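Before I ask anything, here is the structure I am working with.
We just call them A, B, C, D, E and F in the order they show up, numbering each chain from 1.
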Amino acid sequence: MEYVIIIVSAIFVNNVVLSQFLGICPFLGVSKKLSTGIGMTGAVTFVMIVATLVTWLVQKLILEPFNVTFLQTISFILIIAALVQLVEIVLKKVSPPLYQALGVFLPLITTNCAILGVAILTIQKDFNLIESVVFAAATAVGFGLALVLFAGIREQLDLADVPKGMKGTPIALVVAGLLALAFMGFANLV
Amino acid sequence: MNQWKNFSKGFFKENAVFTLLLGMCPTLGVTSSAINGLGMGLATTFVLVMANLVISLIKDFIPEKVRIPAFIVVIATFVTIVEMLMQAYTPALYESLGLFIPLIVVNCIVLGRAEAFASKNSVGASIVDGLGMGLGFAMALTMLGSVRELLGSGKLFNVSIYPEDYGMLVFVLAPGAFIALGYMIAIIDKMKKA
Amino acid sequence: MATIESSLKNMLLTLLIITAIAGTSLGFVYKLTEKPIAEAKARKQQEAIKQVVPEFTNNPADEAIVVTSPEGLPIKLFPAKKDGKLVGVAVETVSNKGFAGNVSIMVGFKPDGTIINYQVLEHKETPGLGTKMDKWFKTDKGHQSILGKNPGSYNLTVTKDGGQVDAITAATISSRAFLDAVRIGYKSFMENKSKLEEGGAQ
Amino acid sequence: MNVVLITIITLSALGALAAVILYFVAQKFKVYEDPRIDQVEEVLPAANCGGCGYPGCRAFAEAMVSSDDISNLYCPVGGAEVMSKAAEIVGKAVAEAAPQVAVVRCNGTCENRPRTNKYEGAESCTIAATLYGGETGCSYGCLGLGECVDACNFDAMYMDPVTGLPVVIEENCVACGACVEACPKDIIELRNIGPKSRRIYVSCVNKDRGGPARKACSVACIGCGKCEQVCAFDAITIKDNLAYIDYEKCKLCRKCVEVCPTDAIHEINFPVRKPKPAAPKKPAESTEKNAPEVKGNDKPEEK
Amino acid sequence: MSTLIISPSPHVHSGDSVKKNMYGVIIALLPALAASLWVFGLGALVVTVTAVAASVLFEYLIEKYLLKVPSTISDGSAVITGLLLAFNLPSNLPVWIIIIGALVAIGIGKMSFGGLGNNPFNPALVGRVFLLISFPVQMTSWPKPMANVGTYLDATTGATPLSIIKEGLKNGEKLTDLLKEIPSFADMFLGKMGGSAGEVAAIALLIGLVYMLVRKIITWHIPFAVLGTIAVFTGLLNLSNPEEYAGPVFHLLTGGAMLGAIFMATDYVTSPMTPKGQIIFGVGIGVITVLIRVFGAYPEGMSFAILIMNAFVPLIDRYVKPKRFGEKVK
Amino acid sequence: MLKTFSLGGVHPAENKISAGKKIEVLPTPAQVSVPISQHIGAPSTPVVKKGDSVKVGQLIAKSSGFVSANIHSPVSGTVFKIDNVLDASGYKRPAIIIKVDGDDEWDESIDRSPELKKDIDLSPEEIIKKVGEAGIVGLGGATFPSHVKLSVPPGKKCDVLILNGVECEPYLTSDHQLMMEKGEEIMVGAKILMKALKVDKCIIGIENNKPDAIEHMNKLAQEYEGITVQPLKVQYPQGGEKQLIDACIGRQVPSGKLPIEVGAVVQNVGTTFAVYEAVQKNKPLFERVVTVTGKSVKSPGNFLARVGTPINDLIEAAGGLPEDTGKIIGGGPMMGKALVSTDVPVTKGSSGVLIMPDEMAHRKQAQPCIRCSKCVSVCPMGLSPYLLMTLSEKGIWDRTEEEQVMDCIECGSCSFTCPSNRPLLDYIRLGKGTVGQIIRSRNK
C-alpha cells in the first residue's frame, strides 16, 4: 500500500511537472513531437532511477556518517553530471539513431531539475532505498505522462490555426496551465 | 558602450525567461509572490556572477573532457554557499524558496552562460554578462511574481491593493503560473515586434 | 578555449584541484554559518512558543517531551516556566483530518487547560479557504474564537457536529481538522501534565 | 578543521571517481564526428528553408563536408559571402553563382485575359491545376490562387488584388526557389538579378499557336519570331510557339522589347524611355500599363 | 449563360451546417434551462443570462479587436459555452465572478487557440474549473432547491447530496444514515436538490439527449460509455462495501454526471473522432470521475475528469483509427 | 434488411428526374471531335490522317499499349484535322476531328439487325480479343479497358462476376433505362463475360430505388443459368467497385489490391451491353447512352449519342440550356466533373450531363473543422478525411501516406457531409496525387 501511495502520488497528485514545477525545460523543449517526447521520457526514466539510487547511497554511506550533509547539492550534481555524460557517450556508440533523436537533450538532462530534485526529495522525505527507487520511477512516469499528453496536444495544435501572437511558446504554456488545472482534480487522491 | 550592450541584452533581447525559455522551473515554481521572485532572482544572480568570474579565470586550465563537471563543481560550490548563507540570515525566504535553492545549480542559465560566455570571454566581460543575465532573470521573476501575487491575492510585495476575497487563487497555484507566463510572453513578443 | 589535453592525468588533476578548492571553501563557509543556522532554527521554534504562552525564563525546547497521538503522529509538549513554575505549555499538535493532508499547529495552554493562543505551523489546505484558520479562531465574532476557552468545559467541535465553535465558511473540513488538533493537544497535555511540572522541579 | 578536511576528501574522491569513469568510457566509446560540420553550420543562415535542396542547414553542412566536389552546392539565402566562408572551413572551392531573383512570367491580368469560367474550389493552385486549366482561355497562365505567396518564407511576394497576379518584392527575395517549386504552372523562374537589377524577360508561358494564344490573352507571346530575329546575341529561342530569353546571353539591349507586337517582353528597372519625338508620351504609358513592375523606374540606382 | 462555374466534385452538399448543429444543442439544452428556472428561479435566470451574454460579447470583442478576424458569434458555439458554463455554476454566484468565468472560458479556453474547432480543452469547463479553484467559497455554496425562486445573491444555501455524503463519510458517519439526509431519488431525478444551476434535473437532460440522438447531432457512444462506466464502477464498489460506497443510482443522478456525459463530454471539438476512441474517452471519464468522487479531495469529479480526458484526445486520435475497409481479409 | 456495404455511406437526394424516359437516338452532328484519350492508360495512336474518309465503326486510332484502347469512328465522313481541342477541364488535348458527310455509312462487318443473338460462338480467348478490338472500356465511370480486366492474371482465380447496375449517383438514369430497354442483351452480355472469365456465377447489383428494373431483370434472369439479381439498399457509394463487392458477396478488397484478389470482377451494365454488341454483332464502341438532366432542364431524358458529339447538341435535344445555368457537370453530382464549356465532346465515359441552376451551383464558404467526426463516419473506406485534408494542406506527406490516403476512392461523401463545408476531397486528391508520385519514385 505504501508503494501504491508513492506511485499514485508521484504520477498524478504531485506530478513533477504539473504541480512540482520540476523539469519544465525539457517539458517545453522536447514536446514538439510525440516521438522525441517518448524518447526523452525513456532517457529521463533511466537517468532518474540510476541517479536516485547512487545519490541515496552516497547520502547514506558518506554524507550522513561524516556529517557533511551540506555537501548534498554539490555531490549529487556531480554524480548526475557524470552519469549523464556516461549515458551520452554510450548511446552515441550503441544506438546512433536514438542518439540522433535525443542527442541535444541528453546534456539537457544534466540541467533537468527533476533529476536533482527527485534525488533531494527522496532524502527529504526520508524514503528507504526501495521507496526511493519506486519514487524515482513513478516520478519519471509522471514526467512521461505529462510530456506525452502535452506533445500530443502540441502536435494537434500544429495542424490548427492558432493566432499568430500565441503561436509557439505562449500557447504551449497555456496548454501546460490547462493541463495542470485538469490535474488539480487528482488532489488528495491518496 | 560594448559593455553596456553586453549588460543590457539580458534584460530584453536575450532575456533568459522571456526569449530563451531557460530556467523555467524556478521561474514558475517560486513566483507565487513578487518578493519570492526577487529573492530567487538575486540568489541566482549571485551564483551567476561568481560562477562566470571563476570560470573565466580558470577556463584555460581545464581539459575538454572534464569541462562540464568542472564547471558544475564551481557552480555547485557557490550554490551551496548561497544556500548556507540564506539559511543563516534569511531563514523565512529560505523556507519559502525551499527546494529551488539547491536547484539553482541545474538552472540552465547558469551552466549555459558558463559554457557559452564565460568559457570564451575575459573576466570583466564575463562578470558584466553574468550581472546582466542575472538581473534580467531577477526582473522577469519579479514581474511574473507581481502579476501572480496581484491577480491571485490582491497584493503586491505583500501590500494589499484590493481585498483578498476578489483575488483569483489559481494564479497562486501551478496552473496560474503557466498561464500567466504564457500570456506575458505573448505580450512581450508583441511589444518586441512593435 | 581549453588548451590542456584531455589525458587521464590532466583530467584527474584538474578535477582534484577544483574539488579540493571547492571543498576548502565550502568547509569554511560551513563553519562560518553553522552557528547562525542553528540559531535561526532554534529561534523559529522559540518564537512560535513565545507567541502562545506567557513570558518564561526557562528553555522550553530543552525540557520538551514527545508523545504519540492516537493517530500515531508525534506531539511535542514544551513547558514554559517562569522561575521554575509552570506558567503554560506550548503543544505542537497535529491532525490528519484535513481537507488535504495534515494540519499541524502550536497551541498554548494555561496550566489549567485554558487556551491562551495558537499558531498554524503547517498545512496543505486550499489557500483562501483552509488558510483562514490562521486568524479565524482568534477573531472575536459569533462563536468563532477559541481563545480563553477550556476544552475541558467548552465543546470544541463545530456547531454542525453539535459543538460550540463556528466553522470557517465553506471550510468545515479544515475547521474540524483544526479543532481536532487542538483537542489532541489538550488531551496530550492533560495526560502528561504532571510530568511536565515535574520536569520543571528538577 | 575536521569538517573542512572531510569535505575536501569527500569531494575530491567524488571528483576523481567521476574523472576516471568518464575517461575510460570516453576511450571505449569514441565516435568521431567531423567538427567542421558544426563550424559550417554556424556560418549558415539557419533559415532551414531547403533552398539548397537539403532538408535543413545541418544536412547541407554535412554535405559540404562530405562531398568532394561542392560546385553544385549553393545556399541561396546566404549567397556568395556565406558560401566562401563555408568553403574556407572545408577547404574547398565554391562555385561562383550570380545572385538571382524570382520573376513571374505571366501578365494575364484580369484586363488582359478575359475570364471564361469561375473556379470555386480549394484555394490552392496545385489543386486547381490538376483539375482545370484555369478560369481563362489560357491554360498555361497564372491561376491566381497564390500558392507561390504562401510558399515564400521571406515575405517576398504578395498577390496584387487588381491584376490577380503575384508580385515579387525584389528587396526581400533571397532566391530560395520555394515559389518556383510551388507553382504548378512553372510560371516563376529564378533569373540573374542583372546589372543595376535590370532584367529583360518574356512575361508569358503560353505554348498555343498565335491565334488561340492571342484570343485568350491580349499580351500573350504568339511565337512570331520577331524578337529572335532582332536579337544580336542569340539570346532568344522560340520553342512551342513561345519565346525564351537566356539571361546568361542577354545583353539588355532592349531591341526585342521594341519589336514585340504584344508587349509580352518586359524590361525591369530601366530608366524611363525618352518619349520618341514622333509619339509623345503615349507609348511609354502603354509599356507601363503592361508591365506593372516597371513602376520602380523613377528612382534608378544611379545617383 | 455567362461564365460557367468550375469546381471539383462533389457538386452537392448535405446542407448540414455548423449552425444547425449548434442550435440543435441549444434547443436540447432548453428543457434543462426550464428545469433550472423552476428549481432555482431568479438566480438561475441571472446566472444564465450573464454567462451567455458575457461569452458572446467576449468572443465578439476578441475577434474584432485582438485577432482581427470576421466575427463568428452567430454560429452559436459561444452561446453553448455560455449556457453550459452557467449550468455548471451555483445560481447565487455574483455577476462579476460569472463574467470572469466567461472571459476565461472564451478568452483562454477557446480564442487563444484560434477559436471554434481548435481548442484542446472544453472551454466551459476551463471556465468552471478556473472559478472553482479561484473562488472556492462562492463556488461551493449551493442555494437550496425550490426555496429561493425569488432571490438571487442572498439565497439560503445548503449542501449538495454529494458533499453531504462525502463529508459525512469522512467524519465516520454511516452511509445508511447519510442517505436519509438527502432528497429521495425521485426528487433528485426531477431536480429537487442542491447543485449547479443546470445539472440537477436528470429528466430534462435526458430529454435533451434523446433530442440530440434523434437529430443525429451526437452519437450514443460517449454519453453511454460515461454513464455506463460510472454505473458499473460505483455498482462494484457498492457491492464490495455497501456501508461505505453509495450505489450507481445515487452517483448517476448527482454531481453533474448527466450534464457532463450528455453535453460536455460530447463536445465535438474536444472529443475523439472514432467510435472506438469515443468509448475509450467515455470510460476514462467515468473511471476518473468515480475515483475523484470516492477517493479524491473534491466531492464532484466530472469537470476534472472531462478535462483530463480532453488531454488524452490527441493521443487517442493518433492511435485509435477508424475501422478500415479491407482490413478483414477473406 | 437489404444488403449494403459495411462502412460509412451517405444518402444524397436522388433526383432521378429522367427516370423512365425512353432512350432517344440523337441525330448525328455535323462534325465530331473524338479525343484520342478517352480511357485510363496511354492515349491511342491515330491511324488516319487529314483528308481520309472514314465509315462508322472504322478504326481511327489504335491501342498504344497494354492498358489502352482502340477508338473507332462514330460517324462517316472525312478527317478534317487532328489537333488539340479543349477538353472538359479547359486543357487542350489531341483529338481527331471528322466532318460528317450525311450518309451515315456503317462498316459492313457490323450486324445492324435488331434480333437478339443468344448463342455464344467464340471461345473465352476470342471473346477477350474481340472486346479489346472493339475498344470497350468501362462505362461505369473509370473507363478502364475491359479486355484488361477480363484477362485474369495468372495465379489469380475469378469465381464471380458482378454487374454494376447500381447507378448510385443522383440524377443519372442511363443504366436504369438501359436495363429496362436492353435487359435481354445485358443478360447475353453477362453470359459472354461469364464465359470469358470462366465463372458460373453472376450477380447483378441494383439499388432498391429502381424496383421496376429489379423486377424486370429478375424475370429475365430466370432464363439464364447462374445469373441472379441482388437488390441493394439506396446508399451512396453503393456502386463503388469495392463497396459493391462487399455488399453483394461480403468480401472486402484489401487496401491497394484489385477486386480479383477476392475472386470478383465488376462490370457496369452498360459495358456489358457494349460487350454483347461487340461479340454478337461485331459492333465496336462508338456510341453510348447519356442522361441529360437538371432541375431547370425543359425535357430531361436519356439519349443514345455518338462519341465526339458536342455536349451542346445533347443539351439542345433536352430543350436547350436553361437561363439560370451555373454549372454543367459531366457525370453525376457526386463524382462528375464540371465542364468548362458546352463545346466539349461526348466520350466513352460520359454517363450524363447535369445542368445545375446557378443557385445550386455555388459552394458555401469553408469554415474551420469542428472535429464533428461526421466525415469519418461516412467514409466508406474507413479513412479520416479531416486529417487527410489538413495533412495534405500542410504538406506533411509522410503522415498523409501513413493515413492511407491512397485508399480514398474519391467518392466525395466526406465533402458532401461536412457541416463546415470544408473542401476535404479537393485536398485529399492533392494528397493522393503527391503521395502517389512519391510512392512511384520510391519504387523506381
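Just so we're on the same page, a residue touches a chain if its C-beta (ideal position, glycine included) is under 8 Å from a C-beta of that chain, and two chains touch if they have at least 3 such contacts.
Everything numeric in this text was worked out from a predicted model, so none of it was measured.
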> Which chains are in contact with both subunit B and subunit C?
Replying inline: A, D, E
> Stepping chain to touching chain, what's the minimum from subunit B to subunit E?
Replying inline: 1
>> Quick check: how many Å separate the C-alpha centres of subunit A and subunit F?
In response: 60
>> With centres defined as the mean C-alpha position, give me the subunit B-subunit F separation in Å.
In response: 70
> Between subunit A and subunit D, what is the gap in Å from one C-alpha centre to the other?
Replying inline: 45
>> Counting only Cα atoms for the centres, state how far subunit E is from subunit F in Å.
In response: 49
> Taking each residue of subunit B in turn, which ones touch at least two of the other chains?
Replying inline: 65-66, 69, 73, 76-77, 80, 84, 167, 169-170, 173, 175, 179
>> Residues of subunit F that contact two or more other chains, please.
In response: 90, 337, 340-341, 362-363, 368, 423, 426, 429
> Mind pulling the subunit A residues that touch 2 or more other chains?
Replying inline: 68, 70-71, 74, 78, 81-82, 85, 161, 166, 170-171, 174, 178, 181, 184, 187-188
> Chain adjacency by touch: line, ring, star, complete or other shape?
Replying inline: other
>> According to the definition already given, which pairs of chains are in contact?
In response: A-B, A-C, A-D, A-E, A-F, B-C, B-D, B-E, C-D, C-E, D-E, D-F, E-F
> Touching subunit C in the complex: which residues of subunit B?
Replying inline: 58-67, 69-70, 73-74, 76-77, 80-81, 84-85, 87-89, 91, 119-120, 153, 164, 167, 169, 172-173
> For the complex, which residues does subunit F have touching subunit A?
Replying inline: 368, 390-391, 394
> For subunit B, which residues count as touching subunit D in their complex?
Replying inline: 65-66, 69, 73
>> Can you tell me which positions in subunit B touch subunit E when the two form their complex?
In response: 165, 167-171, 173, 175, 179
>> Per the contact definition, I'd like the list of subunit A residues that touch subunit C in the complex.
In response: 68, 70-71, 74, 187-188
